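First the structure, in the form of structure tokens, and then the observations on it.
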Amino acid sequence: MAEDISNVIDLQDIRVTFKNSGKDLKAVDDVNLKIKKGDIYGIIGYSGAGKSTLVRVINLLQQPSEGKVIVNGQDLRELKPVKLREARQKIGMIFQHFNLMKSRTVLGNVEYPLLGKKISKQERQEKALTLLKRVGLEEYANTYPQRLSGGQKQRVAIARALATEPEVLISDEATSALDPKTTKAILELLKKLNDELGLTIVLITHEMQVIKSICHNVAVMDEGRIIERGTVAKVFTDPQEKLTTDFVETSTNVKAAIDRITATINVEDLPDNQELVYFNFIGNATKQSILSELSQTYHVAENILFANIDQIDGENVGYMIAIIEGELVPFNKALEDLRPHGVKTQILSGVPVKGDEA
Amino acid sequence: MAEDISNVIDLQDIRVTFKNSGKDLKAVDDVNLKIKKGDIYGIIGYSGAGKSTLVRVINLLQQPSEGKVIVNGQDLRELKPVKLREARQKIGMIFQHFNLMKSRTVLGNVEYPLLGKKISKQERQEKALTLLKRVGLEEYANTYPQRLSGGQKQRVAIARALATEPEVLISDEATSALDPKTTKAILELLKKLNDELGLTIVLITHEMQVIKSICHNVAVMDEGRIIERGTVAKVFTDPQEKLTTDFVETSTNVKAAIDRITATINVEDLPDNQELVYFNFIGNATKQSILSELSQTYHVAENILFANIDQIDGENVGYMIAIIEGELVPFNKALEDLRPHGVKTQILSGVPVKGDEA
Amino acid sequence: MLQKLIPNVLQMKGEFVQATWETLYMTFGSAIIAAVLGLLLGVCLVITQPGGILEDGLTYSVLDKITNLLRSIPFIILLAVISPLTQFLIGTTVGTTASLVPLIVGIFPFYARQVQNALLDVDHGVIEAAQSMGSSPTEIIFRVYLREGLADILRVSIVTVISLIGLTTMAGAIGSGGLGDVAISIGYARFENDVTFVAMIIILILVFAVQIIGDLIVKAVEHNE
Amino acid sequence: MLQKLIPNVLQMKGEFVQATWETLYMTFGSAIIAAVLGLLLGVCLVITQPGGILEDGLTYSVLDKITNLLRSIPFIILLAVISPLTQFLIGTTVGTTASLVPLIVGIFPFYARQVQNALLDVDHGVIEAAQSMGSSPTEIIFRVYLREGLADILRVSIVTVISLIGLTTMAGAIGSGGLGDVAISIGYARFENDVTFVAMIIILILVFAVQIIGDLIVKAVEHNE
Amino acid sequence: HAATSHSASATKTSTITVGSQGSDYDIWQHIAKSKDAKNMGLKIKVKQITDGVQLNKATAQGNVDVNAFQSWSYYLAYNKENKSSKLAALGTTYLEPMGIYSKKYKSVKDIPDGATIAIANNPSQAARGLILLQKAGLITLDKNFGYLGTVSDIKSNPKHLKFKEIDDTTGPRVINNVDAVLISNTVALEGHLHVLTDSIFHEKVDQSTKDNINILATAAKNKNNKSYKKLVKLYHKKDIQKYIKQKYYGTKIEVSKPLSYFNN
């Protein structure tokens, strides 16, 4: 059976059913998920959508009721225990609830996954210490987890998951208990490992900023199913599902801005030659070029009310709301011509933008 | 002793020292904190700054090594156990680690704080069910906590903390495990309780968006001390400390925008009559009025590169980056005149904005 | 066939029935009271110990010492030492009912320790949560400790009841009767091996019953959690 | 003064010293081996039970039944039943060393149950974390179960050693000697109350020593956590 | 370790391990240290083993050379049930009369209808007690009543006596709780009860009590061991008997009969 080796993770038709007081609960419902080597794959969704359950299937901590789990070309469910353990050593995991060992120091916890390895005690400790430095906890090396703050515990869990230099890292809300600055540092660390060592990362998060700043691809889960997936840039700029739209909006201020603008400017009252337009542009199309094209080519004057540039997976994504003034025909032509350049436009005059559908 | 009764919480000279393997760790170091009735008070800071420890002092779960804890005019440390328990019943608490009872159902957990009260079993269950509905978990009433997802557990903890209709609610990262949509719903619930019942809320969070959307005041902690405090609008628009600035920036895109702009436009290369300027304005000063003032009064032309409006504690806060063109003298005059209108400006030509000091 | 295998047993069917009842009576009669005393003592140990919800060094130290003291007395000596109390409470120092007193005194400190150990495992965070909600110590004991620790308490209770069955076999010294007495003083001492064997089989059945029923209850309690 | 209070004791100082040694020898001699066997059995019970890391219904059921079976046998009968084994292992069926065999067999199933209960409290999440890191069952046993459960194991060990001290007092039946034997067959049976009293005081001291030292070790282990 | 018992090989050395319990243990400790023992060239080590069955087994297996604790009837019972590890008697030592004791009644006749009598739960003592009760005229027993007879072998019980089985060593402790109690002398002595003066009825040395005579026993294969046989002689030495008489107020009535006495 020739598996596509470029997919380091390949979940096929996964179903996980829990029996909750009699009635069945489909926590994961017929999910297919392929993740390429070196990818950083985000998973988002409502609380209780099945995200944790799904990622726990990847290293078989959760046996699926149905489906195939192929990691690194190996069908994990078919593996002998010894082989499964070997496979698991290559899959680091950061748990939502940390799961640190209370009987070991912080250093001891990070050392744990290295205990079986054939390296000297000193090497092991050095390695663990290096990781602790990376997460900013070297001072706490000899402290026991119970004496750490929530965020400190989480960072220990991160260091531990990285200790074995895994090929795949599963992170279940690994930054939820961290302040923004520490979160940034941790994300940079993950990104670096991804860049330098090709670490594949599967990342559950509730912070859209996290998805935008490090993920390449993202899947949106709802009631056990993946309802939308694709590159982060695509999903975040052109969400297809209501749920996705809701999530995306929480991270841009577009919807709030439109609300505020339409509250002060009555779009009905605009003169005939003016329109309130929402522009959304990705990549090379910068605000500058849009504006110059509009004004120079089509003799259209613009009045910017809102302009924001976001960086999504390294690409610039712009949002702009402006009042455009000009003749109807060149104006429509202008908007049409912008489309091939990756600029999406929407006339807000009465018609709500997608994000406003709620 | 006449305590200022308008301060529902009044922490005086609080110090909490932990003994960690010999050496002392000042988790909270000489903190004074007054919180007015009906306030929503945010606490932010690095992981390990002492936030959880500080709020645990409020209901004396953490006995401070030094200092006075006055809640509702009562010095809690002087109270008899019975009185302390009565006082605690008026202080709801949502724990960072949930602390749900595994032997009770979700409903049972929410019912727990009502068990002592003189209400019928039916009333109690109805009340608990109403709260569960509010947090979207009515379906899970008869489930046991171990079978819940992280976010579901957190919501149970929230419902439980609200069950006794407390006067003060302490929330230690109560939305950290929640998706953005659920977070929003929970925050709206808290805001409603605050509006309608005058519930005072002390709220630790790592999400600046949470602070901005519901807090009135905020304190920033670092190494056990409160290093900055004030209204959210003030702290978020005019941070004094490096740490605060770092945190604030993660939630606006200003720094990222400046980085991008200065990467494409070499400020040195700008003609003499042009300057790259960062505007920050609060409240009534809207972008429109700034622009009109600039162009009309001072004959200065502007070219907006970035414009964002944020809502902080209900007030509009604007950020704008623009290239301004005009004669030097009227230009400087213009910037100066803007200041009394709540507009702060900074010329970015070579001089880094505050946020860039890193 | 049976006649050959267990000749002596067949002649004393009645005795076996009675001995079984006596063992059941001793075991469960003393278990009920020892459970109450043991829970009480165990809970007191947990709440008064350092870090407990009603921390009280002196009380803890006294209770701790009493527990150890009672556990130090060999059962056969306990039978004697306790006899004035037995006389006072039961009106006699011999017989099945009289044996309840030393059995209770012999097992409850042991049970208390087990309960203490079980309750120590109740999550401290949950206790704190209850405290933050203004629960009184009594409420915390009944609504948190005994409830959250229920599965563990049941587990140590199984261990204890089985130990108690073992203890009843020694109460024959004060005329308690019971299966242990049949096994030892009739079967063993009189070399009627078949009697010993059958008595032990019945004891075994009791032990298994306790374990199986106990496990089922634990499972039912844990199933939910 | 002493002459009046403890006349018989003074005449048998030597016996007391020896009996104390015998008790210590029996207690700790059997404790060490019973600890190994009990840990082994307890761990096997935990890992093979439903939901365990090496879940195995059959093995669990067999081990569980063996444990109950061994716990069902009254000690005095155990002494007899086990004597061929004792003869084989020790070369004699009577004496202090010979008593180690029934003591071990008498206590280790009890200890195994206690260990099982203690290990059940190890956080399941931590076991999962170890599994996710590819730890083998052996590694999980030694690096997680026995380590995370250490404080609880120590606690049940204290309970067990004290129970074992109680058990040694019954081993006089096979000529083990020891303080229990002095208290019972010299002091109690001969109505030399001072002998009983002093023997019990020494037992008490042993029990207290075990508890206090045990508590200190538990504290040291937990202090860190 | 000092307390480790002698193994079978110890038999070859001149040290004899005597297993015993209770007052016999005391007596034999005295004998071991006595001049007579030295004079006879006997090195004796005494070991207390409180369980009779275990003591007999240990003797049969050679872990103990000689034991001194049992009555003839107990010996017979043991041998009957343990055919593979038989014992042999070496000689007789004494008879300790069992007594009927009561705190409430002065004589056997006073014992009322429905009275509770405590008897031993160990079989030989129980049987012996029942025979004594028969002798006292309180009950009659089955014709075939043997040395392991039980309460169920009672033929008639005119006074409707109730029997409570107790550990025989607790006799003196329960005396206040029952109407009468049967106590063997060893136990009675230790409870400061004097069979000849304190009991309301007691055994005499005659054919009916011959089964209660205490003996020295050894493994069957050592039946003719000369040095073991010497122990019997040693026991009956004048000085030793004097000591025993003094210590036990004459309640251990010396019986020095040939083993053939039992066969009558």
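Note that the chains take the letters A, B, C, D and E in the order they are written out, and that residue 1 is the start of every chain.
Methods note: a contact is a pair of C-beta atoms (placed from the backbone, for glycine too) under 8 Å apart; a residue touches a chain by one contact, two chains touch by 3 or more.
Chains and their UniProt names: A, B = Phosphate ABC transporter ATP-binding protein; C, D = Methionine ABC transporter permease.
None of these values were measured; they are calculated from a predicted model.
**Student:** What are the chains that chain D and chain E both touch?
**Tutor:** C
**Student:** Counting one step for each move to a touching chain, how far apart are chain A and chain E?
**Tutor:** Contact-graph shortest path, chain A to chain E, evaluates to 2.
**Student:** Since chain A and chain B are copies that touch, is their contact same (over half of the numbers shared) or different (under half)?
**Tutor:** Same, since over half the interface numbering is common to both chains.
**Student:** Farthest chain from chain B, going by the mean of C-alpha atoms per chain?
**Tutor:** For chain B, the chain whose C-alpha mean is farthest off is E.
**Student:** Taking the mean of the C-alpha atoms as each chain's centre, how many Å separate chain A from chain C?
**Tutor:** Going by mean C-alpha positions, chain A sits 57 Å from chain C.
**Student:** Averaging over Cα atoms per chain, report the distance between chain B and chain E in Å.
**Tutor:** Distance between chain centres: 89 Å.
**Student:** Counting in whole Å, what is the centre-to-centre distance of chain C and chain E, each centre being its mean C-alpha position?
**Tutor:** Their C-alpha centroids are separated by 36 Å.
**Student:** Using mean CA coordinates as chain centres, what's the gap between chain A and chain B in Å?
**Tutor:** Result: the chain centres lie 24 Å from each other.
**Student:** Which residue numbers or ranges of chain E touch two or more of the other chains?
**Tutor:** 53, 169
**Student:** Which residues does chain B have that touch at least 2 chains other than itself?
**Tutor:** Each of 97 in chain B touches at least two other chains.
**Student:** Multi-chain contacts in chain D: which residues touch at least two other chains?
**Tutor:** Where chain D meets two or more other chains at a single residue, that happens at 76, 80, 184, 188.
**Student:** Go ahead and list every pair of chains that touch.
**Tutor:** Every pair of chains meeting the touch criterion: A-B, A-D, B-C, C-D, C-E, D-E.
**Student:** Report the residues of chain C in contact with chain B in the complex, numbered from low to high.
**Tutor:** For chain C paired with chain B, touching residues are 123, 125-126, 128-136, 139, 143-144, 147-148, 150-151, 221, 224-225.
**Student:** Which chain A residues qualify as touching chain D in the complex?
**Tutor:** 59, 61, 81-82, 85-89, 91-93, 95, 97, 99-105, 112-113, 115-116, 144, 146, 160, 164
**Student:** Provide the residue numbers of chain D that touch chain C in the complex, in ascending order.
**Tutor:** On the chain D side, the touching residues are 64-65, 68-69, 71-77, 80, 110, 113-114, 117-118, 120-121, 152, 155-156, 159, 162-163, 165-166, 169-170, 180, 183-184, 188, 196, 200, 203-204, 206-208, 211.
**Student:** Which of the residues in chain A end up touching chain B in this complex?
**Tutor:** 18, 20-21, 44-49, 51-53, 96-97, 142-143, 147-152, 154-155, 172-173, 176-184, 206-209, 243, 246-247, 250-251, 253, 256-257, 260, 264, 286-288, 304-311, 316
**Student:** Quick one: in the complex, what on chain D touches chain E?
**Tutor:** 18, 21-22, 25, 76, 79-80, 83, 87, 91-98, 172-177, 181, 184-185, 188-191
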